[in-house]
Amino acid sequence: MTLTLRNIAKTYPGGTRALLPTDLDIAEGEIVSLLGPSGCGKTTLLRIIAGLETADAGAEIRFKDDDITHQPVERRKVGMVFQSYALFPNMSVRGNIGYGLKMQGLPRAQIDARVDEVIALCRLEPYAGRAITALSGGQRQRVALARAFAPRPRLLLLDEPLSALDAALRGQLRDELAALLRQFGITAIFVTHDQDEAMAIADRVAVMSQGRVAQIGTPEALYRAPQTAFVARFVGNSMPLGGRIEGSQLHLPGGTLALTAPSDGKAAFVRAEDVRLAEHGPLTARVTAVTFLGTHYRIALSGATEDTLFCLHQGQSAPKPGETVRLAIAPQSILILSPEKAAA
Amino acid sequence: MTLTLRNIAKTYPGGTRALLPTDLDIAEGEIVSLLGPSGCGKTTLLRIIAGLETADAGAEIRFKDDDITHQPVERRKVGMVFQSYALFPNMSVRGNIGYGLKMQGLPRAQIDARVDEVIALCRLEPYAGRAITALSGGQRQRVALARAFAPRPRLLLLDEPLSALDAALRGQLRDELAALLRQFGITAIFVTHDQDEAMAIADRVAVMSQGRVAQIGTPEALYRAPQTAFVARFVGNSMPLGGRIEGSQLHLPGGTLALTAPSDGKAAFVRAEDVRLAEHGPLTARVTAVTFLGTHYRIALSGATEDTLFCLHQGQSAPKPGETVRLAIAPQSILILSPEKAAA
Amino acid sequence: MSTRQFVALCLVPLAIFALTFLALPLVRLVLASGEGEAGWGIYWQILHTPRYLTTLVQTVLVSVSVTIAALAVSTTAGLFLTRNRFRGRAVLLSILTLPLAFPGVVVGFMIILLGGRQGLFNAIFPGHGVFAYSIFGLFLGYLYFSIPRVLLTVMAAAEKIDPALEEAARTLGAPSHRVLRDVLIPALAPALVAAGAIAFATAMGAFGTAFTLATNIDVLPMVIYTEFTLSANIAMAAALSVLLGIVTWGMLFLARSFSGSTIAAGG
Amino acid sequence: MRIGKALQLAVTLLAAAFLLVPTIQSVLAGVTVNYFQGIRSGLTLEWIAVVWELYASSIFLSLGIALACLCVTLVIGVPAAYALARSPGRLSRAVEEFISLPLAIPGLALALALLQLYGSYKGFRMSPAFILVGHVLYTLPFMVRSVQSVLAAIDLRTLEEGAATLGAGPVRRFFDVVVPNALPGILAGALTVVTLSIGEFNLTWMLHTPFLKTLPVGLADSYASMRLEIASAYTLIFFVMIVPLLLAMQWASARAQRMSQ
Amino acid sequence: EDAVCYNCPPEWADWASMLKALDEQAGITMPHDNKNSGQALSQMIAEKASPVADVAYYGVTTGIQAIKEGVVQPYKPAGFDEIPDGLKDPEGNWFAVHYGTLGMFVNVDALAGAPVPQCWADLAKPEYKAMVGYLDPASAFVGYAGAVAVNQAFGGDLTNFGPAIKYFNDLAANSPLVPKQTSYARVVSGEIPILFDYDFNAYRAKYNEGGNYEFVLPCEGTIRVPYVMSLVANAPHPETAKKALDFILSDEGQAIWTNAYLKPARPVELPADVAGRFLPDSDYERAVAVDYAAMAAAQAAFGERYLSEVK
């Protein structure tokens, strides 16, 4: 393992327990994403790794064989990309990118060569001499990345580096960023609260909730086998079905669904894309709203479950609001999770 | 027609031609969305209708039989919901909602009754007495709507009322807003640059581009029969295929596709969801990146067309980057548009 | 009434007042400076009278040194106070900003209490602690009222610096003094220029302090006052006023165009 | 790092001591029987009584002028700030620059200018209005800027447009929307104006007549010619008046600044 | 009734008592006013078109200049005739109200052990460093009178101010204080241990303030000068002003001066207890009168010279 975190916790002076004791291991060249809702402790964990925040007593941070728990930031050799980019407005693009190298005391010529190289890699040639203020958001993001890259950090930390951008640019830069990170084989931790972003970039995603890592795994594992209701909801947009489970049957207001196995005492979840309109389906529901979304219609349904149930329907037409429809949900697409975990 | 716009153009003092002469008709109770990229003139058109901006000479704005072209804002009886809400921070929720009625000089008791009514409709009872600063974004949005509703405007104008909200809240409020507008049968113009939002809310969508209305129609019509390449791209996320059309055949770097009809001199477009992996498909391509997006994989492909081609692939697994795959695109899913229009 | 008309109407009181009591008197002042025996040659005369020139130079020198000292002290204190939270910080901040509206006369008196014959320093170091009436006393007086002004401007600017900038520099390996040099000072530069300009302008125009200290060290405002009270040499007083006004306004204008408008309350 | 911090703290404390010590001395001197002999000579309120007898009228005059100055700057400054905020541009910048001249031009020069032009209108020259004009000149830019910065921060244009679409004309908008929302700026500006007016000396010294001595003129007077204890007692009274105002002013501008972020 | 006097400072020549008496006995309210002679005159010149002041009090030479500037008008109050010739303008444009003799006003306690100086020349000694004060000779009449006194003491005359300039330049090495306004209180409080000032101020401190004060008539000699008053031309309240001047020259008025150790302008007998408090007459013999008209004539030129030559 390149980076080993043991027992990392953080209580802020005010008493907020931002992070409960957490362990995490990251392999060489791996990209791990910290995904979770606002306030769950993502930034806190990242800043502790960077050395910008000190963890509560008992923590241990190892980098390969070095114990860096008490090393000051400037000696940790971690690169960091900030949400606000934190580019130095008083330096040009070149100046920013070369700053870390200058701090390492490299000779001028070597710095120049390395800066040129990074500028080329990040396709920043046209802007190299510009002032930071003369760059667009996307260009700034690339400079911030280049600046963090340049000193060849052992570990790159990125705190929501895309969240200040608008949606279109974000998608594009997300792909570029993923490509760059892989190209260099950089070990990186990427913080985000956007599920798509986390999945698109990371090898493994650590889903965080209220100061804990709720589950860590590949995007597919998280999506297909969420271990807690929180992960099911946050990563897969699953809807709780509610109702009552008796053996292999789920009794709902609109009908009864079959389950793959007896699951008494558990809770059932389903994704909107797994709810199908089926002429002879076991559930009855009333259409309350229909939205055409291009590739599909999103249909809001009442009466099937206690809450509104959504169905993503592909096809050339859709039922009208007010109509009554029948629905089917395949037993294997129903997620069964422990209710105590569902409380998380 | 309730609202008739003729020959509306706008040149800003600096010389920017924000709006080229535009005609638009809106029927009683209809909800029309102005959809387009940033800077295409949506806000300008809306503000001209409101009377907040004056159109270039020659414009005509009629409201039923009134010519309101030169009426000042405060007499036009249009309601407006601003992107920033523009709620009065010095007044309570009630104060804001009642302000328009107060300006009409209604007696106190009547104002109170009407405010109560609107508050109930917008489910704002718990917040009625609060200060504006003590409301969340979603609550503010509802107050802004209630304030614009209260004086029963002849026309409601909404300028990206949801864009200041985060994604989750936005989806929810979009649905609520659509329901409210329909419930009251309000004639409304809704500005947005989000395609999903336009489609979810409007009866008809006017797609704007560079100061013009490129196409106006129902969401389905725009999606299924875009008349320009711009609309195809902006509304349907269609990708230009490029290549060369000869008769009913489209020659691409990765192979040749069949078209439904001879289309020499035209341009071909396709949507990512219409590109399928098919063992014996006519196109050959190399996988460059695969992103797991939960419901599907997004696969970036090179070699099939001159640019990168994307394919949305549903299934339990996906090819790996570097593999070579074969693709099929059904002839009826290829959009054929005039290249001169494609330049728009 | 249209909005445009109403907005124009809102400017009417200001226009009347500023014309009557600012524009016209200033024009009159300029005219008055040319009404002496020397006519407009009075400005030439100023430039050729060593006494006026030395005074001008002395005034500028004192003001410049005060500006530099105030910037150094206030930047140090301001950065310290923005970047550290501790018990007593609020009190310290109040102490450092309270003298903001002390008139120059009061400040002069404060300096007498510190460095006069009866002052604190003379009590501690008898015979060696009298500095109130020297140019150093004047310097201290100007420093006294410049510190709060500069401090407020610097702190306002320091609070706006994104803490991530400093953190970014540190993750790139910069030690504290490099962070200060490469990040903090450049980020503060506009505020420092603005605050420095204000300190300079205030010192140039300060009259009350010199008046109270009643030293025989001449600064321009004192000379203007003397010209006015020495057989009412109004033309010379006016000419020197015009000169002083142009020099200080010019400095402020330069600074403002460099740094955008920043202003701290002051008397 | 540690040493750097200690040094910073030392400078901060030293600066604070430099500003605070003489004020304490002056407060003490104001209640000491004989400052030359020190506190041992005993404490007394006698000097304060003397000051009251000699200078009470100047204190009231200063308060009166400060209030009048506040009214005038409100009437002139608030609408002007609104107009300037509504029409940003080169011209507005020029107007702002012009009314800020009294901050750059020494008070003595301004006073001289006023005396030159209006000194011979005796009724005016001998009335408190003459001093008032000087104070308004000096404080007006503070009021305008304070209000303007708050107005600039609240997206005034959109708020007004909101009110306009609800049927409010320009005058209604000014009183319903502009003024209430500019209140933090108005308050901060008002406190600044009052504080500065009470402490104004540079202009007033030239503008006043023997019958119209303001507080700082009286202070200068007492520094020049009264015994140290009386001067100190007078300074003490000045502190008692000005310090609460200053604290309120700092609180109000902090609030206004928070608003404009 | 209100009237304005320019340069009637309460801490000088006991104007405090005089102003109080004016209020109580003549019903005239006059605010006290801290100017100096020069300031009073220039203010009157500046306000010539529309005067603020009704009466003015200043050193004799300033009074003479005031005529030239045309800012005063003749008035002969009751008792005018009793003022000796030479101490009044025959037309009544100015007239003396009291005399003073210039010397050194010393706060002995503030000398930090140094002996009380006896001569003008002593003051340049290092032991008096930063202890000497004199009012600005270019502005205040006391200052000018001091300059004339040292000038004569060192052999100069009203056409040759060289010795005075040299003296002040020597003194400059001792960092003197040069206030522009009356500084009685500063001597009393010890801020200025030695001030060029009049006997009356020094005696008032010596006998009325708790402390150790001395008046010294310097060994090289000094001058005595009258202080005069005028009615301002176009005074806003001429009648009140005339009443005030009448009062000041009346017996009651002159008595107030005598109680304040001032030698009155009219030959009013000094009360015995007061007379006993003055320095012996033998000392006063070193104080001479000068040609006040010539002194007035030389004032402006000397002021210029002082400003440009004394550093």
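Note that the chains are named A, B, C, D and E in the order they appear, and that numbering of residues resets to 1 at the start of each chain.
Here is the rule we go by: a residue touches a chain if its C-beta (ideal position, glycine included) is under 8 Å from a C-beta of that chain, and two chains touch if they have at least 3 such contacts.
Quantities reported herein were computed from a predicted structural model and do not represent experimental measurements.
Here the chain-to-chain distance from chain B to chain E, counted in touching steps, is 2. Considering the contact criterion stated above, the chains in touch with chain A and with chain D alike are B, C.
Across C-D and C-E, it is C-D that has more C-beta pairs touching.
Spacing of chain B relative to chain C, judged by their CA centroids, is 56 angstrom. A separation of 53 Å divides the Cα centre of chain A from that of chain C.
With centres taken as mean Cα positions, chain B sits 28 Å from chain A. Contacts with at least two other chains are made by residues 46, 179, 181, 183, 189-191 of chain E.
Chain contacts: chain B has residues 72 touching two or more partner chains. Among the residues of chain C, those touching two or more other chains are numbered 2, 112, 118, 211, 214, 228, 234.
Across the assembly, chains come into contact as A-B, A-C, B-D, C-D, C-E, D-E. The part of chain D that touches chain E in the complex is made up of residues 34-36, 54, 115, 119-122, 125-126, 209-211, 213, 221, 224-231. Looking at the complex, you find that chain E touches chain D at residues 2, 4-6, 9-12, 31-34, 46-47, 49-50, 52-53, 109, 179, 181-185, 188-191, 210-211, 236.
Chain D contributes residues 1, 4-5, 7-9, 11-13, 15-16, 18-23, 25-26, 29, 35-36, 75-77, 79-80, 82-84, 86-87, 95-110, 112-114, 116-118, 133, 136-137, 140-142, 144-145, 169-171, 174, 192, 195-196, 198-202, 205-206, 216, 219-220, 223-224, 228, 231-232, 235, 238, 242-243, 245-247, 249-250, 253, 257 to its touches with chain C in the complex. Chain A meets chain B in the complex at residues 175, 178-179, 195-196, 199-200, 219-220, 223, 235-237, 271, 273, 289, 291-295, 300, 312.
By the touch criterion given at the top, residues 1-3, 5-11, 13-14, 17-18, 21-26, 28-29, 32, 73-74, 76-77, 79-81, 84, 92, 94-106, 108-114, 118, 120, 140, 143-144, 147-148, 156, 176-177, 201, 204-208, 211-212, 214, 221, 224-225, 228, 234, 237-238, 241-242, 244-245, 248-249, 252-253, 261, 263, 265-267 of chain C touch chain D in their complex.
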